[in-house]
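If you scroll down you'll find the structure; I have some questions about it.
Every chain is named by a letter (A, B, C, D and E) in the order it is written, and numbering of its residues begins at 1.
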Amino acid sequence: MLDDVVFWVLAVLAVASGISVFRVDSMARATYALAVSFVAVGLVLLLFGLDYLGVVVVLMMVMEMAIMGIYMIMFMGMNPALMPMSMVHGTRAAAAVSGLTFAVLAAGILLVDWPERRGAPAADLTFSLGRAVMGPKMLVMIAVSAVLFATIVSALVLALPRGRYDTDDAVDADGDGEEGG
Amino acid sequence: MLSLIVFLPLGAALVLGASPLPDAVSRWAWVALTAAELVLVGVLVAGYDTPADGGLGWEERARWIPSVGSSYHVGVDGLSLPLIALTAVIFCACAVYALREGRRPRAQAALFLFLQSTCMGLFAAQDLILFFLFFDLSIVGMYFAIAGWGHGGAARSALKFFLYTFLGSLALLVGFIGLYLAADPHTFDIPELVAAAPLADDAVTGAWVLGAVLLGLAVKTPTVPFHTWLPPAHTDASAIGSAVLAGILLKMGTYGFVRIAMPALPSAWQAWAWVILTVGVVSVLYGALVALAQTDVKRMIAYTSVNHMGYVLVAVGAAGLVASGTEARELAVTGAVTQMVSHGLITAALFLLAGVLHDRAGSYAMDDYGGLAAPAPRYAGFFAVAAFASLGLPAFSGFVAEFQIFAGSIGATWVAVLAVPGILLTAALFLRAYQRLFTGPTTGRAVDFRDLRPRELLSVGGLLLLSLLVGVAPWPLLDLIAPAAASVVGLVSR
Amino acid sequence: MHEEPLALLPEICLLAGAVVTLLAGSFLPRERQWVARLIAATALFGSAVTAATALTDPVRTVYGGTFAVDTATGAVRLVVTSATLLVIGLGVDELAGTRRESESYVLLLLGALGASVMGSTTDLLVLVIAFLLGSIPLYGLIGMLRSPGAAEAALKTYLLGALSGILLLLGTTVLYGLGGATAYADLAPGLAGAPAAALAVGLLGVLAGLLFKAGAVPGHFWVPDAAQAAGTPAAAFLTTVPKIGALVAIHRLVTVLPASIDGPLLVAVLAAVTMTLGNLAAFTQTDVRRLLGWSTVSQVGYLLMPVAVASGSAAALPALLLYLGAYAVTNLAAFAVVAAVPDRRTLEDFRGLAASSPWLAGALLVALLSLVGTPPTAVFVGKLTVFTAAWDGGLVWLVVVAALNSVASLFYYLRWIAPAFRRGGPEAEPDRSRTSASVAAVLAAACVLGLGLAAGAVLPLLDGPLTR
Amino acid sequence: MTLQTVLLVAAALFCVGLYGAISQQVVVMVMMGLELMLNAVVLAAGAFWWFLVPEPEGQVLLLVVITAMTVEMAMGFAVATLLHRSRGSDMTDTATDLSR
Amino acid sequence: MSAALLWSLVALPAVAGALLCGAGRRTDRIAPAVAVGTAVLLLGAAVAVAVARPAVAVPFLPGADLGLAVDALSAVVLPAVAAVTLLVLVFSAGEVTDDRARFFGLMLLFAAAVALTATATTLPALLVGWEVMGATSFALIGFSWRDPDRVGAGTTAFLTTRAADLGLYLAAGAALAAGAGFDLAGLPDAEGPWRHVVAAGVLVAALGKAAQLPFSFWLSRAMEGPSPVSALLHSAAMVAMGGYLLLRTAPLLAASGWADDAAAWVGALTALVLGAVAVAQQDLKQLLAASTAAQLGYVVLAAGVGAVSGGAAHLVAHASTKALLFLAAGAWLSALGTKQLPALRGAARRWPAVGIAASVGVLSLAGVLPLSMWATKDDVLAVVRERSLPLYVVGLAGAALSAAYAGKVLWIVWRTPTADAKAGYDDERPGTRHVGILAQAPLVVLAAGAAVLGMLVWPPVGAAIRTALGETELPRPSWVELAVSALLSVGVVLAAGREPMPAPRWAAGWLGLGAATEAVVIRPVLRLAEALARFDDRVLDRAVTGAAGALGAAAGGLARFDDRVLDGAVEATATGGVRVARGAAVADTAGFDAGAEGAAAAVRRLGNLLRRTQTGQLHQYYVQVAVVLAAALALLLLTR
């Protein structure tokens, strides 16, 4: 009973904040709204007893939003506090598409007769997760490590204008080169 | 044996292309090779006796891509053997003719040997993939032959030729794949396809497949209205290039009709025989009329090719009218194959002779010449013989072919009568051209025009002599062709 | 014991190669980066060799049924590694001595790794990770040039990739919920009685992700842009390697689906749409890279044909694998020619190529005619087998559409061939053509012909079972 | 709190995110839309795990989703930076040189 | 043995002729000797086979051997042809001076062709001889090729006769369709409608060669050839072979039920009309040409009414006579340099031998008692009278006309030469004022032939021939008829001396057959040409040049079309064809090419349309993805 109440509160919160992401007039606020939405969802996960994952989500997202804020200030040099923005296009089409999508999804969700729950959650979820990751799903984790490695390399390649070999003047030259294409 | 004939020139071409031989050596090496090829083909012909069951002689088969039912399968029969012999003859004549070629003779020798391989291979091929392979390679080779040794707008004409015929070949390929998919089990083997005759009971698909095949072959043949690549290609090609193009490459199209389209798609062929017949009649008259209007010797000869190939179409079209008598249709198909050989010999000779014009005076325009008979009597004589042979004068191969075609086709359907005026028009245009070029007072570039050189005499004379032999004693040749033609008619009447 | 690191040796080679290359690159002076190149090449070669030796291993799955060791896997590994080697070969001239040379090799290796894992995994989770592993290096490779065009291409690729990734995750989630598992072995029975609508959503999600990697409708938008704007090696890589993994992955997935929804039909329709769109869009392109980009889209259409009959015809898998190999080498040959003459970017620029560098022109001719599908080239055999499989699978209409497309495609390939073989225009100056790229081009062209002629020997090798 | 309800919420989140992804011009905002969609996926994954198959795989799936989210985010920033540096803009609309 | 002889009959002259032609100038000196020698052998062989009547055949085409045989008919004709050939060659040995190798070579080739034609037993064999005959005639008429006119005459002859030859191709096809095979003897067995086609084809071909109406005009132009050529081609050999073919296929004509009447009437009318034409001529060779056509009319008539023996006899007698006259004309031409009748006034007095010989020929031509053609003609007419009276009357009228033009020639050449006649000398070439012995000897022999060949219809020879041909029960001319025709001819010849002949324009201009052909053939062709030009305009809206070219061609054609009224019709046809062709050519280069381009353009447009989807707008990509996925979902759910 209590779960229901909490869930609904969180659900409304998640959706509302999700909507507000695109309503508020500053990118910073949008970021906060997004963070709130994520936290709400993370809490819902807690409701499902997924303590570990829920916490991970919350932490991860809070971190990410922080990064986003920093990013916006550092790289794009915009002052998040005072930056009125309504940079949108084709909102009508967007609304139509997403609305239709929701209609379709909702219809599906309600009309489909979902199968029965099979099996029961393990006693210690975190432990079972760990065993899965160390056991049958080991490959996933191995691959994830590769992914992280790739991400680091790739992100650096894209984000950093200067390679290891560049002295500063080289950077300038490089910068010009970039402007020129 | 057959593979040797097919691949000997190719190997020689590679050697010639790689090794830096002096020009003279490579010229004579080319002649020697073609001569050897001629001898080998002679052995081939001597060793061939028509198989009882309409099968193949000198058959060779090796696994190639078994999983797609394609194999290296070659063999000869009454349809292909004459054309193989023709190929050997014409290339030999070209080699002799080109003995004085000054422009990159080694490369030319290599290229033409390569071409010879593709032609031999095409006529020997008993597998659609193999057939198509040689079909395309011949296009590529001829492209370089025109672009490399042509004159005038050679590059452009060569490109037009390439694009046009290559598009056609792609349609052909689609048709082949249609055949392959329709056959059960899937195969590209021509004898198996013929035996199976897929799509016999599927009119719609059959029509489409036949349409694709016909399109490809019609472009190569060429028939109205797919012939527009022919005149420029001929006009700008070198003499031997034109000779090979008209003498052999055009035959690939018509050979495809009798080798693949008719036996493998009998019901569709019967259904569309009228269309083919009509196209043939149109090609005959149209080609002759347009040729009549030409003022450029080479263009004129080129258009007569359209006309002569039209006769072949008329014959094979009439052969599809199963309602009419078998004897007539067999005669028509025999005539068609004879016409391929005859046209090869005569037109090659004509193009070589036309090449002499450009060689001496650098022009093909009839108005630039007049009274050539005075300075060059031998040339005049040879041209007269070639012209009369080409207009179907008896005692030359052309008559043997055209008489059979007409008698057979008319015997099959009266519609073929419409094509008969073609020979009158051909006669008119050749006499007209001859009158303009050779008779009357000697004028223009005809003044002190050098008469034929020995190599030219030899090459052209050889071709005309063969045409005369076929015309006077055609039986040995027809004895070879007739059974095969009969079996084709039998197959298409299924 | 399901954990067999040895079974993953080729992948391990790639990963280790990537790490070592990065390390080496970070210590090497700028002009000595050829060492890094050497390491990368060695890693790829080692991976190829181990993959070849692994071909004879017994067919099985390892790591808890998440990774299949079978013919398809072997083929994917071989094609991916050799293709990447070829890419390095054709890219050397452009990459050598640049700021990011070693990183490029790292990213190439990682992308190859992603493709190879994606093609051989039998578990949705691993599939998702492989998707990321395949995509992320792509973004890097595309943007590496740092030109405005490259940046734009990277942006679009990224945003489309992100969306596709999300859809992939969504689909995975739904399928998990319905099937109760993520490993195909357990998924297949689990999905048997699943409600069709939900199943459709799940399938579409996963397909959307994989089609993005394959560069097929609806995930094709990034392909021409990236092909045009990215560096030539990157373009060559991203139009070739990711498709290999993605298509095999789709093939594996389709075989898992229950009959309650007509997945094959969907794939067939997508194939038809993709090939047609690619061909028609390629018609009036003037930039050769963009033209090649569109042509790869159309090629994916043909490649989807055997997938559509994956469960219907036994010939489907060999056909797919053969076509993949043929397509890879052919496409790379074309790109190698482009890389060899960097000054020629538009079709008109190629005027007179035959005169200035006949070998390159020949390679180009072979490559393009192969893309059209004329004997005796490799793609012809590929198309032939593919058409046959589709025909036997009952998709006659699709075969007809594909045949028409093939004929139509000839037009734009000829638009490229024609100027190349015309006499050079007045401005035809000698190319400062690049040696190793030229070598790669001729080599690849030779392979195209060789594969075409030796297809008879290759096809039987590809005819193996597909395990879960 | 049933499967349907949770999924409906997830669907709502998803479509909001979709709306954002389509309608926003600034790259970062588009990315937020995508994040939101991923958020929905997280929720759906959790729901499926809880209501249908409470297997460890489900948890791994969630883990994977989170990883993907992070990784995509990082790449997104990198690409946005690249765009900003090389084109001096962070709008998708201004990056339309490559078309047709 | 006799088989070998029969082969040699064809092979010998063919080989000798080919060798002479091939060898060229080098053999000019020996050419006449070789040729005459060959001709002697030929004559010997001809006589021998005429006696032995062998038949040979070798396989030639599928279902059609190359068969030669000598039957009663050819037994009569062959020796005559051989003899005339020999004599003409002897004459030429004196006449022809330059390029002899080519001349005699061609003559021998021609002789071979004739021999083949005369002995052929199958359609292909016949066609071989037939067409080679035409080709060699082209080469011989245009022998002096430096004069384009004469070559044109050759072209006219060849094209006209070949146009008629198409009939033989047609007949061959029809015979095959009717299952009659290619044997000439078997043609009457052709079943159904095809038989009529066969008959029509053969008839047309024969009429063309025999210069019967309406093909006669080519013979007029053929007179531009050397006289010996005319003597051989237009007396004994080529033209005669037309009639000969009909005699040979008389059973077929009869079997068809209509062709025989047609042949008979065409023959009779030709005899009448061309007789009138001959009367109107002022040029000796033109007169002789017209009379040739007219006389062959009797042969055709004979074939029509089935009087083969009479026809053959008339053929032979006419061969001898006409060869004689052509040679005489040739002799005068080379001596006096003219062949205009007024200028020839008194030519006979100058060289009596030639004069007398010619007179014998002329009288025989006139049908004067007891010379050959009097007998043979009446032999034919007797059968005609049995068949139908109108035909007989027409034939008799023709005979009167032949007497008329014969008389005209006779009187002129024996009158005393006047100054204005001498003024007409050398209008064609410088005369030698001299007739060699080599030229006179053959005339005498031929004159003898012209005199006595009438025996071919009298017993015993005539009877033998009739029995051989199985025509014993054919009616013979009664004394009355013979007397009537004799009196008629003598009367007309005498009358011809009195007042000058009428020379109406229509007759002088060979009935303006040229104009007629133009009306029938050229105008339609020109209409077609204009149609094609219009087609051009539609196809080549932008390519003004092409349209202009075609229009200009058409206009120029119409301009030239006027000053073409009496000129040779065949060139006109050709040029008409040229105009069609020119139109077609333009259509060709631009029309079909344009079509080829069109297809590609359409697809390209479609491509542009589809490329619109690649807007470069990312959010639109997103929307498209969503839409496609929605469509896919719908597809999946609908086809569930």
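The rule we apply is simple: a residue touches a chain if its C-beta (ideal position, glycine included) is under 8 Å from a C-beta of that chain, and two chains touch if they have at least 3 such contacts.
None of these values were measured; they are calculated from a predicted model.
Q: Can you list every chain that touches subunit A and also touches subunit C?
A: D, E
Q: Through how few touching steps can subunit B be joined to subunit C?
A: 1
Q: Using CA atoms only, can you tell me which chain is the most central one in this structure?
A: If one averages C-alpha positions chain by chain, the most central is B.
Q: On a CA-centroid basis, which chain has its centre farthest from subunit E's?
A: Centre of mass proxy via C-alpha means gives A as farthest from subunit E.
Q: Greatest Cα-centroid separation from subunit B: which chain?
A: Greatest centre separation from subunit B goes to chain A.
Q: As a quick test, compute the distance in whole Å between the mean CA positions of subunit D and subunit E.
A: It comes to 96 Å between the two C-alpha centres.
Q: Between subunit C and subunit E, what distance separates the C-alpha centroids? Give it in angstrom.
A: So the centre of subunit C lies 76 Å away from the centre of subunit E.
Q: So the centre of each chain is just the mean of its C-alpha atoms; given that, what is the distance between subunit A and subunit D in Å?
A: 6
Q: How far is the middle of subunit B from the middle of subunit E, if each middle is the mean of its Cα atoms, in Å?
A: The computed centroid separation for subunit B versus subunit E comes out at 34 Å.
Q: Which residues belonging to subunit B are in contact with no fewer than two other chains?
A: Within subunit B, no residue contacts more than one other chain.
Q: For subunit D, which residues are shared contacts with two or more other chains?
A: Residues 14, 18, 21-24, 30, 47, 52-53, 55, 57, 60, 64, 67, 71, 75, 78-80, 82, 85-86, 92-93, 95-98 of subunit D touch two or more partner chains.
Q: By the touch rule stated above, which residues of subunit C touch at least two different other chains?
A: Correct list: 125, 129, 132, 136, 139, 143, 146-149, 154-156, 159, 163, 177-178, 180, 197, 201, 224-225.
Q: Looking at the whole structure, which two-chain pairs count as touching?
A: Every touching chain pair, ordered by label, is A-C, A-D, A-E, B-C, B-E, C-D, C-E, D-E.
Q: Flag every residue of subunit D that touches subunit E in the complex, lowest number first.
A: Residue list for subunit D touching subunit E: 18, 21-24, 30, 92-93, 95-100.
Q: Within the complex, which stretch of subunit E touches subunit C?
A: Counting only subunit E, the residues touching subunit C are 600, 603-604, 606-611, 613-614, 616, 618, 621-622, 624-625, 628-629, 632-633, 635-637, 639-640.
Q: Show me the residue ranges of subunit C that touch subunit B in the complex, using the header's touch definition.
A: It is residues 318, 372-376, 381, 384-385, 387-388, 391, 399, 403, 406-407, 410, 414, 418, 421-423, 455-456, 459-460 of subunit C that touch subunit B.
Q: Over in the complex, which subunit E residues touch subunit B? Could you list them?
A: 21-22, 24-25, 58-63, 124, 127-132, 135, 138-139, 142, 145-148, 151-152, 155, 158-159, 162-163, 166, 169-170, 172-177, 179, 182, 573-574, 577-582, 584-585, 588-589, 591-593, 595-596
Q: Which stretch or stretches of subunit D touch subunit A in the complex?
A: Spelled out, the residues of subunit D in touch with subunit A are 1, 3-9, 11-20, 22-26, 28-29, 32-33, 35-36, 39, 42-43, 46-47, 49-57, 59-60, 62-64, 66-67, 69-71, 73-75, 77-82, 84-86, 88, 90-91, 93.
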